[in-house]
Amino acid sequence: MAEPRVPLFEHRLGRRVEFHETDAAGLAHFSSFFHYMEEAEHALWREAGLSIAPPDSAFGWPRLEAAFAYHRALRFEDEFEIHIRITAIEEQKIRYVCVLRRDGKKIATGTLTIICVSKRPGEAMKAIPIPPQIAARFRAAPASHD
Amino acid sequence: MAEPRVPLFEHRLGRRVEFHETDAAGLAHFSSFFHYMEEAEHALWREAGLSIAPPDSAFGWPRLEAAFAYHRALRFEDEFEIHIRITAIEEQKIRYVCVLRRDGKKIATGTLTIICVSKRPGEAMKAIPIPPQIAARFRAAPASHD
Amino acid sequence: MAEPRVPLFEHRLGRRVEFHETDAAGLAHFSSFFHYMEEAEHALWREAGLSIAPPDSAFGWPRLEAAFAYHRALRFEDEFEIHIRITAIEEQKIRYVCVLRRDGKKIATGTLTIICVSKRPGEAMKAIPIPPQIAARFRAAPASHD
Amino acid sequence: MAEPRVPLFEHRLGRRVEFHETDAAGLAHFSSFFHYMEEAEHALWREAGLSIAPPDSAFGWPRLEAAFAYHRALRFEDEFEIHIRITAIEEQKIRYVCVLRRDGKKIATGTLTIICVSKRPGEAMKAIPIPPQIAARFRAAPASHD
């Protein structure tokens, strides 16, 4: 794209609970919510013109912290929205908050912190500053925004 | 079993990273750690003579909160220990902390809070006090214990 | 819906490979393809006005056979189409074939056979004829169709 | 290891159904069986002194075909045995059969075919003959063996 992009701070992704994501309690398994949050994160990056894991990239984005508070359950074929927002962009880290909603009701609230690392074959991962071409595509959400 | 059981507060489970738990970054995917934590939780319950989800049970244990802080990565076939401990037993809730270690090094630290709910067909789940026959099998880990 | 539906025999579902579906070889894990096939199956049922697993249903649809032949690999963020078709509707069984395509190229070919069973609490599952209100919504794809 | 190994043709792995592997029908999800089969395959390779995916390997083992026939269901905490056997070692391929048993009863029968490919950065995967140091560690199971 030729024209400059506006830095992004959020993304909303529609999703449906798949059968393989449910468990014997009849609910979407709590670990599936971390898949949902990550899917929205990667959709945000794509909307910003980026892939979080392009082939043969010299750096990567391991997760430092991930959490969910569960308010309501989701069941098979329930449709919901995943709303992810950037809460902070630091030298090496990006912090997100993620709210799942169904029919306007909060289902769960997640947080995620990722860190930029260099990846060289045979070497340990090492934290590095976020490359400027990536940092330029994102910004933190306004404080009052929800 | 005829003789009374001592209430339990922890369990240690050995595990190996399976290939289907890895991702294209070559690491165990961050969502797999929630599977590991839950597997150790259920092993603790089995050691206490219980199943957390017996067939046709009138109550269940949805998750209220789940979190991990990731300190180091795990890779395919890495062997590690999952050490789960109960940090609090409240009227309706059980709180755990979970440390993953490999070769004595901390890989990740998780927390998990579960809540006891009644399950009746056609009714919404409702929080209830932990049934006494379950509460009697567990206790909180000593504060200094790690 | 008041007007009669035409029986369906196929569904096409667009999909993208998610990061949690990849493995350390950098490819979509072979087990993910079975998720893809089932997601398309359930989308076909929804298009037919049905859920394959409605709450408190008296019958269910366990899988009898599932298979995939893998022709090409899929990688993170690859977009592809899942084309599922019904090849046979028998007294108790439905048979599907499923082709995954990317940019017009065949990625994989799957087959799936499901069987209708009655589900009564405390009893073993037992094969039963497909209920007529379900059988009426589907038909086998024309033989020449691909 | 200094002493020569006897080529292996089978492995038996004990396993328990984890909660995250179940679905809203109360059964181990059919896709989990492919995880079980692969876990037994990789355990067979480890018993042969090999890893199927060592770091920075110049070749890999994508799956060509995978299938399961499901005879009985598995439920949460069911214990079962995964018995994998090599049925053929061809120039580029290894074929397996895999039987899951619980209390001596057949639960499911799987088949798996893998192919050896060279992996060079930036190049497409290409089928190659199985390296002799790997082929020497395995052999096909006797025909009458079950």
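Labels A, B, C and D are assigned to the chains in the order they are written; within every chain, residues are numbered from 1.
One rule holds in what follows: a contact is a pair of C-beta atoms (placed from the backbone, for glycine too) under 8 Å apart; a residue touches a chain by one contact, two chains touch by 3 or more.
Computed from a prediction, not measured in an experiment: that's the story for all the values here.
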item: Between subunit B and subunit C, the fewest steps along chains that touch one another; value: 1
item: Chain whose mean Cα position lies farthest from subunit D; value: A
item: Equivalent interface to C-D, taken from A-C, A-B or B-C so that over half of the residue contact pairs match; value: A-B
item: Intercentroid distance (Cα basis), subunit D paired with subunit B, Å; value: 29
item: Centroid spacing, where centroids are CA-atom means, of subunit A and subunit D in whole angstrom; value: 33
item: Approximate Å spacing (C-alpha centroids) for the pair subunit A, subunit B; value: 25
item: Subunit C residues counted as touching two or more neighbouring chains; value: 19-20, 24, 26-27, 31, 35, 38, 53, 75-76
item: Residues of subunit C defined as touching subunit D within the complex; value: 24-25, 27, 30-31, 34-35, 38, 53, 60, 62-70, 73, 119, 125
item: Touch list for subunit D against partner subunit A, complex; value: 19-20, 22-24, 26-27, 29, 31, 56, 75-76, 121-122
item: Partner subunit A, residues of subunit C touching it in the complex; value: 18-20, 26, 35, 38-39, 42, 46, 51-53, 55, 75-77
